[in-house]
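The next block holds one structure in the form of structure tokens; read it before the comments.
Here the chain labels run A, B, C and D in written order, and each chain numbers its own residues starting at 1.
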Amino acid sequence: MNFASDNCSGVHPLVMDALVQANTGHAASYGDDAIMDRVSARFREVFEAPDAEVFLVATGSAANAVSLATLVEPWHAIYCHQHSHIQADECGAPEFYTSGARLVGINSDDGKITPGQLENAVKATPKGDVHTYQRGAVSLTNTTEAGTVYSCEELAAITAVARANTLPVHLDGARFANAVAHLGCSPAQASWKSGVDVLSFGGTKNGLMGVEAVVLFNPKKAWELQLRRKRGGHLFSKHRFLSAQMDAYLGDDLWLKTARAANLRAQQLSAGLNKIAGVKVTQSVQANIVFMQATRAQHRQAQAAGAKYSMAPYDTPMQGDADEILHARMVCSWSTTEQDVADMVAAFGG
Amino acid sequence: MNFASDNCSGVHPLVMDALVQANTGHAASYGDDAIMDRVSARFREVFEAPDAEVFLVATGSAANAVSLATLVEPWHAIYCHQHSHIQADECGAPEFYTSGARLVGINSDDGKITPGQLENAVKATPKGDVHTYQRGAVSLTNTTEAGTVYSCEELAAITAVARANTLPVHLDGARFANAVAHLGCSPAQASWKSGVDVLSFGGTKNGLMGVEAVVLFNPKKAWELQLRRKRGGHLFSKHRFLSAQMDAYLGDDLWLKTARAANLRAQQLSAGLNKIAGVKVTQSVQANIVFMQATRAQHRQAQAAGAKYSMAPYDTPMQGDADEILHARMVCSWSTTEQDVADMVAAFGG
Amino acid sequence: MNFASDNCSGVHPLVMDALVQANTGHAASYGDDAIMDRVSARFREVFEAPDAEVFLVATGSAANAVSLATLVEPWHAIYCHQHSHIQADECGAPEFYTSGARLVGINSDDGKITPGQLENAVKATPKGDVHTYQRGAVSLTNTTEAGTVYSCEELAAITAVARANTLPVHLDGARFANAVAHLGCSPAQASWKSGVDVLSFGGTKNGLMGVEAVVLFNPKKAWELQLRRKRGGHLFSKHRFLSAQMDAYLGDDLWLKTARAANLRAQQLSAGLNKIAGVKVTQSVQANIVFMQATRAQHRQAQAAGAKYSMAPYDTPMQGDADEILHARMVCSWSTTEQDVADMVAAFGG
Amino acid sequence: MNFASDNCSGVHPLVMDALVQANTGHAASYGDDAIMDRVSARFREVFEAPDAEVFLVATGSAANAVSLATLVEPWHAIYCHQHSHIQADECGAPEFYTSGARLVGINSDDGKITPGQLENAVKATPKGDVHTYQRGAVSLTNTTEAGTVYSCEELAAITAVARANTLPVHLDGARFANAVAHLGCSPAQASWKSGVDVLSFGGTKNGLMGVEAVVLFNPKKAWELQLRRKRGGHLFSKHRFLSAQMDAYLGDDLWLKTARAANLRAQQLSAGLNKIAGVKVTQSVQANIVFMQATRAQHRQAQAAGAKYSMAPYDTPMQGDADEILHARMVCSWSTTEQDVADMVAAFGG
């Protein structure tokens, strides 16, 4: 009954098999392995982007930071959501990799930025004023931190604002798979066809051991990205073991299957929780994350029953008024079972 | 017959087993997994260092760069060998992580720095002169890039110079296992008892998929190191899979067994090559690397037979005078077989 | 009738005299000039701080950035006002010099942060969470960007919050003289006795050609500050000409005299403007800055008469509804005359 | 009798007059002053470069660091002389401003790099190898640190190597005036016509109080340079006082007159010293610097007589063998008089 994070789940069996398979004989190191050629080809096919260049790293922060550093200069503002991972959860990795660019946080309850909000934020950055940060880039997240999913139309509308201001667009897709699974659109539609220039394509949360891909739809900065990856210490010597994971993940659409499974469990969890008196799901559940509220008494009971999930804020005290409404976040993963969901619902008295 | 690099070898079966074993159920992420507790305890035991703090990353460049950044300020000089990995092979990762510290390269044929050379280099950095780089830290490598191994006495002598100048000492131990296997001393003796403050303890080249440990013998900077690791994008979410590798590696001294195996193969290769007319091993073979020379004709013949290894310099032309003496580097790994060695020797006409 | 900025004013005659005086013969360079010894001694006397260390630079951004960089690490948050110069007007100099620290802006109408606001901002930075920025330092501004002045009690109250959280305090005193002139307290009271650790002591806006002093009340980081100043390219070779300006400025309390003069003119301007129908001074005038509003018609008339000052926002259009209320900022300097004030008031119809 | 450095000299009277002149009324700040327009125009005329963009800073380190940062990326190597100011005397300002580029020092006795040396250094940087620094830019110095002057032919030959490798060329011209005065060529010939892309045009050592110009012969990076200047804290608010100095300096070729004067004194000093038994001038004297040797006894006698100059190395002990030959550096400035030279020669027994 562990819904603490999709980061706490394991590696999909097919991915583990691929690792074992890849472990035969010698292979060229540092990305020159043959599996990587296959991975690049598969990415171009899946994304209908024959010119795209793809590079693998092992963490989402690395994918985001290296991507952003190729898009902006140190004196640039990066427009993003106030609760985005790059702003709130990476200890300043973007600032480090960009040599001091500034993240401009935009707030909302549902994790999404609107075109109007972006427009205002951009306008609030004076143009051509040497005394302030300059307009740099836009970074969106899909699936958002609030568990919601931008539709392709929403993405296109917001990237249109970026385009109108000649700002490149990065998409943090740590849970891109869950978004695409929800949208039912093509990966291309959910990325470059909706205005995304660089995609952090997540794998770790969705069944890999630790691989994320940076996808450059415009290959112009491919060499710079490789240098930044190397300089950041993110170029793996035994790279074939990153390639093998991604190869299994893309093969036979495993990435979408695992994402669909996680999304389905979130729907089931949401439905089950919503039936319980005193419990309420507070965000629209579109991907694999459920934001909910319950009384302190219910949370106590669930945790006593062994339920693992995150209070929001994380340091919410379990001592106190039993009837007080407390908020929490629950994340399903590719490995969450129907039984896990049933147990969780039962733990809350459902 | 692949002697191109120990980076081209695979993952030891026991390590792969450990990964499969670790892949059950959920685990706390970002280093809070239970396996990591065991790894830390095991490090303290192996190194007889009850206060040591240990942190895992996935690449040697990350281990080195993050370590050095905790030791120096941006205006510090880091004394190292001219051919050290940090100076020659990391695209400036140390400069990036330290925000611009300067590597002061010291040269020698055998990959080692002498106490006198270090003394001179330190003296050449004026003390208390605001116009120049300040004396910062010393970074040594054992096994060296030349395949030689500092004895513990040599280490102690050179770190004494560092100590006398109050400079902390980093040891790049990407092939630390091969050094200890050669020396037959205790890990403690090869590190902190010989004056090392921070150790990059390598695993990847010696049978892991991709894990290196930063060992802080003085735990004072443990929190800073964790922040730098995170900020560099090197804190793994599914950290248990790093822990599991290192757990298997340290368990039952696998790390020394694989290193001894690689070293033995290098001895065999060296012996075999040295018997061939026109072929000569040019560096003392103490670990798992063999530097050798042969005529161009011999190199051509070996490569035609499928032998893989590195010419030095790497772009040495294969066209040209058949009798010209050309240099090369051959690296044995934990997986190199006696047959591989025999094939290699045969390929050169032995 | 130029009230655009105190930056647009010239150099006080006594300062120019001092420059001419200093221009005799040779002098030791890079801060070793004899005048600097006198300046340091005078600072210690004026601030009743015998251990203070003082260093000169030529711009306020340099003073702020170098100061902050000695106080924080790259992963630290710096709490400051949303409209503070370091946050809004230095194109990221603090981020550059700190290698990527993050400025956390706190908002208010009067340019001041309250202890409660600081407390909340600090609490919003989780303690000991490796995923986010860490609590770093507090940077206050006195005179504030809104032209208001923190009382010593207000300063003490807010720095007490910093102290309780073991955060060092920087004071941007680009207009410190105007604040002290207004408060009538001792310089010590307005700085270290009220909890300030490092002061950017402004001179340029108040009659110098271009000199600001960094005053370290705790001399522990004096050497680091010198290295950061040098590395930033801010150590002057012909340093005596910085020293000479500061020497004249501190001598016979010139700095307070010029500040008092500027403050007085602001009072006169404020009084004059407030008497005009349709014109209103919108911020409490405590130093040398007047924030005011008037109709567009009045602004047009004043500007036609040659009045120079800043519209707020700076790109407010002069075309449009004649009756619309428009905001502006007017700054008095040491050189503003009573006639200038009278002309300005007259220009607005007073 | 102060020959310690041209940094120890004062401000030329005409420059001081210009400062006094500029100190009337108000002026637009941050480089928008009218004098700056004149300065830019004059630069374009003097350098026969109608498209050149010119920016003023106050120190040579700032000019160099900001210039280099616009030319290279953090992973770039900058080829320069081992004793160049950027490599030896700026405490890593270039590394700071470039976010960690690497200076590759080339050595020689006369302060000059040869085309062959540059060619070798460039070739030693592997092309397109992600593991190492990439080929970035060339930085030359004229007048060199050894007091020698590259001829325009020499400059053209070495910049041709840069051009052939598509590397931009920076010229540190802290003593550019002395070089041009010696060469008798046009400023254009000594810069862009000989392959220089960006020039640090020195003023401080040659009669200014503290102003250097960055001259971009290709204006493409003008905006970036302005942002880097601002972000470094080097954009002056009362900028007119930088402009005024440079205006006086360029007007009526003051810069060449002062440089010629200094060069002449160096010739006289050299001639005078060379006549003294036991004294020898050791470098060709082409600009305003004299490298010489004398016995310890002679140095002691000169210093006892009040002679000020720099021993090389600077910490050469004055105690010891009276007959030992000791080296020293003597620098003439615009203000050095014939009497100063005569006194210096006399002090050495001439």
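Everything below uses one rule, namely that contacts are C-beta pairs under 8 Å (C-beta built on N, C-alpha and C of every residue); 3 or more make two chains touch, one makes a residue touch a chain.
Note that the structure is predicted; figures quoted are calculated from it, not measured.
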Per Cα centroids, the chain farthest from chain C: B
Pair of chains joined by more contacts [C-beta pairs], A-C or B-C: A-C
For chain C paired with chain D, centre-to-centre distance based on mean C-alpha positions, whole Å: 34
Distance between the centres, which are taken as Cα means, of chain C and chain A, whole angstrom: 43
Whole-Å separation of chain centres (CA-atom averages), chain B against chain C: 51
Contacts with two or more other chains, residues of chain B listed in rising order: 30, 74-75, 90-92, 96, 99, 130-131, 227, 230-231, 235
Residues on chain D engaged by chain C in the complex (per definition of touch): 2, 4-5, 7-11, 16, 19-20, 23-30, 57-62, 64-66, 90-93, 96-97, 204-205, 209-210, 227, 230-238, 241, 308
Chain C contact footprint on chain A (complex, rising order): 74-75, 88-92, 95-96, 98-102, 130-133, 314-315
Of all residues in chain C, those that touch chain B in their complex: 30, 73-75, 99, 130-131, 134, 224, 226-228, 230-231, 235
